[in-house]
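In structure tokens below, several structures.
Two complexes follow with chain A in common, the first pairing it with chain B and the second with chain C.
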Partner chain A sequence: MGEVLPGPVPAVERSRLAARRRRDRWVDLLLLLPGVGFLALFLVVPLAQVFLRSVGLALIGEAGHFTWDHYRQFWVEAQYRDGFFFSLWLGVASTVISLATALTFSALMQVRFPGRLVVSVLYKVPLVVPSLVAAFLILSLVAPGGILARLVAHWGWEWPRLVYDRWGWGIIFVLVWHNVPFMMVIISAVMAGIAQDINDAARNLGASPWEVFRFVTVPLSMPGVSAAALLVFIQVFGAFAVPSLMESAYPLALPVIMQTEMMDRANWALASALGSVLTIASAIVLFAYYRLVQGRESPAR
Partner chain B sequence: MIGTRLFPGGSGPWLIAALFFGLTLIGLIVPMIVGVLWSLVNPRAGWFPPNLVPPSLSLDNWRAMFSVPEMGEAAVASFTIAPLVTALCAALALPTGFALGRRAVPFRRAIEFLVLAPIIMPGIVIATGLGSMFIRFGLAHTVLGVILVQTVVVLPFMIRIVTATFEAVPQDLIDAARNLGAGPLSLAWRVLIPLVVPGLFAGGVFTFIGSMEEFVLTFIVGSPHVRTLPVLLFAYLGGRSQIFTYAAVVTIVLLVPTIALLFTAERALKQEYLAAGLGKM
Partner chain C sequence: MRRLCGLCAMLVIGLVVVLDPSAWAVNPVGGGGYNVQAHIDLRGLTRANFDAVVTPAAKAQSNVVFYDFADTLCELLAKEVDEWSRSTGIGVKHVCVDGDVATQQLIAEKQAGKPASADVFFLPNNNVRLMTGAGLVANLPLVDLLPNARDVDAAVARESRGYLHGGTALPFHRNQTSLAFNGQFVPTPPETLDALAGFAKGHSGKVAITTPGRGGSGSGFLESVLLALAPQCRKDLYTYGISNAQAADIAARCMPPVLAYFQKIKPNVTFTNGNEASVQAVANNTAYIATVWEDDLYTLASKGLVPPSVHPFLLKSGQVGDGDGMIILSTTSKLEASLLLANFLMGDKVQIDKLEQTGSRTARIDLKTRGQIPATMAPFLLPDAMYHERTETRINGVVSDAAVKIFVQQILR
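The block that comes next holds the complex of A and B.
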């Protein structure tokens, strides 16, 4: 910096500037301390502990020694591996179904239809419904002996098995119900920002409504869409409550296995290793997302 | 826009309305009615297939709210913890949000990533770390421990919303106040804080609802001694015997305040706050 200045800065002036800059740094630190300090203490420290413990270090009351055993156990024992893939399946299936639904609904919400205002308020209700409550509401609807099963039984039909099934369709159903409104909030905001001219131009050039949706609306909504999809995937991948209530006896979702290891067996080391696997897998997805978005965002906007 | 030309006959908007209202009916209204019915089932008569409506109704399950200790305690715990978490978040987020929104702080990217982390990290992983840490510190199974863990996961929303609000304050106003002789304290108290009240309110709605609904961390750190409504709901829905009647009561006690809050705060929960809280990554 010194070379750029036109003349030599008086020493007194310079030391006053430096003192002021130092004071500013202290003010920054003081202001940041409450929020950042809290997260450092109650987020960074425990997460560091999870990683350390997963390799055998920092155990309570025991001398720790470095080991990969817990990771080996994860990969060798089928129940843990299957749990990982089951969680992955729940994440992918819920994200894909929610995304397709939310995109369609958001596009339809751009149309002026009677009662649009009412719908635009009502569809946000699931945003504040806890996933456990969603599970209860859906269970009372679609479980064996639920209202729908009773209804179709009146006509002599049999209700298909939708909960406690091998592929977790009941879980996916609840998670989609819960996540579609969340995605719609983000995607609708992006879609509302697309200039009407672009749609008109595409239509004038002979595109069908489907083509406009597929080749104009969806690509232009990409920034919002990808962020929403990423958040939903990571949340479902690490979901505990809904899978725990609605899954079959085998396979169990990875977070459910972690909870059992922690609370029933007090095996914090294995739970930490499973948690690290979950975190690393999420981080890989996150990283891939940022690489993908970096290439795409500039032309889209 | 798109749909008006999908159905050239002009019936398009009506079809869309029918679709959305049909979905709302099946996906929202009917389940809510079934939930309310479950809470009113007469425990002596039950509600078994193939009955579409309970054979007889009573308020017995609602009386259980006061006679079954665990239910009353869970309600008290939830409604005590949520305001405390909200207040703690506001106190922590105000200075930090000001620094992030208005000052050139060092390591900005790293701090923003730290603030984003609890939103994207699986709760169960944070619970794994905090659970064992709190056992060592004697904070496990205490109300204070539950308040702290809930704050970890809802604080980011508050910080992000407050930061966005501070960013939107026009610099002119601050300069004008300074020119008129306002010191840092009266600037904060008379100018900045009144201007960020809407953001603080939106953030407060987020954190209150987030705290009421938080389950995984509360479950792992708090139970069995501290049980909030979602933890109790989990107990009634899981386990060997499901108690749908009590689950319905807990559901309604949990849902009515949060949905009422959503409707009263609809204006505060404008798109931009939702976007600040959830959207931009």
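The block that comes next holds the complex of A and C.
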């Protein structure tokens, strides 16, 4: 029995189909409009404006001309370059320390122990404390002239410099304090999804608890680990409030320099160039992350 | 004979009128016509007839919007303006704004062809140039018109940080960079830069200097050291209208003795990351001497955050002071009410209240402030004699920025 082929579509039917396709296209566009419009209005337009300002165009209150000078200035003048590397250092150090801490505690939180529920609530407390408040808390506690410094002064001891230091350890401490619970929420959720059978199998095959953590738990948690690390890094890399309060006189974090250039010196073009550099660097990290994730996912498929 | 006497009398009256500046009508700053819409004849307006001419027209206006950028003065000015509004019947909306954001907003409104959101703007002095360039400043020489501006210090009447505006920006607020010492640890504060270096050496880490990159008390101190140690550069430091490259040349030529001084004291001083950190350092005994803004110190002291043993002082070689101005927007449709408000703000009451409550100095040299400050607060202000003897005008901002860059590179880095 041969298959019955559909006959030629009548002209009326064809035009009706074409009209429906056109209408569907408009409906698609209308449905996309809120999302795309939002992105265009609140992301693309501001970013484009920042970039145009950074190259000397679209400046407010003065005639502009195209120039790469502000990017050159960023690279040639040490304070801007050092500011970039200081922000990078804060991002990397905070992320690494937060990650190590969050991984350890997330793994521990998979173990059942008395009071686990209380601990699981308590560790989330820093999530509801704004980082600026955390910075004030730390400052009033450990800054020169803070509570602890005054306390040890009674015995004639000199309190060590834990904030306003060149390497930004005070800043890193606050950022780690704030970001560890954030990372733990993500990583714990991923770890909780790992089947207990896999861990049991590894133990049955003679792996020690450390080996199970190292060779089973961590690799299987990598999607959560990498996402948490990426989010924390990008957030810390562009952090303004905590560095502004707790950094030393030099180097200054790049967002702090941006603010000074913009608000104190009305140098919007340079501030925009510095902002563009921060954005591009974050985009590169994001791109590297997706490449990394893709690379890991491909063999598994 | 009678005719001759009459002629003489007319001549004398004429001479008096001509010689009394308050009787002169003023011309638009920069020549040409006035760039602001008025309901009175501006060409006939003088300091002498100001109240008589302006008040009737002003009383017919309302909803004047007053932008105020100074967070330390915001609360006080809101109260003063409210009282004035109730007594005159002229409605005023007092808005506390961020100075730079408001400047950008007003310029953007102008560029978009929209009426400006404000009529009067108390703005950062750095922005007077930008606002004038955007055509937003009414070209009225306010210092020559307002009765309450008759005794404004000539040194600050017509320029803002090197920008010659011709009197369109009223010097409403003056402030002074200074050093503060804690009398508990420093019985006699050092009077010279050498003595300061000696003190720092004897009390390592107890002198706090604000980084010039992030605080006016630091860049002010750098300018003061520059003026003291490079006197041959004084003329260049006060030369305005120069390019960034010229400013960089001047800074490079004048900074070596300054850098040598800071290299010498660097091991013994602490650089802080802002004005507040320096005030805090001297307030909590972390430092015995610190660079501060006089009004910052005063404001914190008025809230009980500074011990009574802390006092400001100026070095013998002088330290620079600054200030911020007030303009009337060229786009205002309530010029007369704005003029009346600006005159009120330059009046005795507001000028004394702001000194008493926030340490904000006045630019009016004849205003009697002695005895107006409570005895408990007076020690947090510089003694008048010291202030008048040792205050210096800030140098050209572009040169200052260039000097800060060199400082950051050579000293802080």
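The working rule: the second predicted complex is superposed on the first by the 241 of 301 C-alpha atoms of A that agree within 3 Å, B and C clash if a C-alpha of one lies under 4 Å from a C-alpha of the other, contacts with A are read in each partner's own complex, and residues count from 1 in each chain.
By our rule, a contact is a pair of C-beta atoms (placed from the backbone, for glycine too) under 8 Å apart; a residue touches a chain by one contact, two chains touch by 3 or more.
Values in this document were obtained by computation on a predicted structure and should not be read as measured data.
Of the two partner chains placed around the shared chain by superposition, chain B is the only one that A:Arg53 touches, whereas chain C remains out of contact. Using the contact criterion defined above for the overlaid structures, shared-chain residue A:Leu292 touches neither chain B nor chain C, since it reaches no partner. In the superposed pair of complexes, A:Gly145 makes contact with chain B and with chain C alike. Of the two partner chains placed around the shared chain by superposition, chain B is the only one that A:Pro114 touches, whereas chain C remains out of contact.
The larger set of touched chain A residues comes from B, when the choice is between chain B and chain C. When both complexes are overlaid on chain A, the residue A:Leu17 reaches neither chain B nor chain C. Looking at the shared chain after the overlay, A:Met262 reaches both chain B and chain C.
Judged by the touch definition given at the top, the superposed model places A:Ile198 against neither chain B nor chain C. Across the superposed pair, chain B and chain C both touch chain A at residues 60, 145, 149, 244, 262-263.
In the complex of the two chains, the chain A residues touching chain C come out as 60-62, 77-79, 82, 144-145, 149, 164, 244, 247-252, 256, 260, 262-266.
By the touch rule above, chain C contacts chain A in their complex via residues 98, 100, 103-104, 107-108, 111, 126-127, 130, 133-134, 211, 213-214, 271-273, 277, 280-281, 283-286, 401, 405, 408-409, 412-413. Contact residues of chain B toward chain A in the complex are 1-6, 12-14, 16-17, 19-21, 24, 27-28, 30-32, 34-35, 38, 48-52, 91-93, 95-100, 103, 105-106, 111, 114-115, 117-133, 135-136, 148-149, 151-152, 155-156, 159, 209, 212-213, 215-216, 219-220, 230, 233-234, 237-238, 244, 247-248, 251, 254-255, 258-259, 261-263, 266, 271, 274-275, 278-281. Contact residues on chain A toward chain B in their complex (touch as defined above): 24-25, 27-28, 30-36, 38-40, 42-50, 53, 60, 105, 107-108, 110-116, 119, 121-133, 135-141, 145, 147, 149-151, 153-154, 177, 182, 185-186, 189, 196, 199, 203, 209, 212-213, 217, 224, 227-228, 230-231, 234-235, 237-241, 244-245, 255, 258-259, 262-263, 268, 271-272, 275-276, 278-279, 282, 286.
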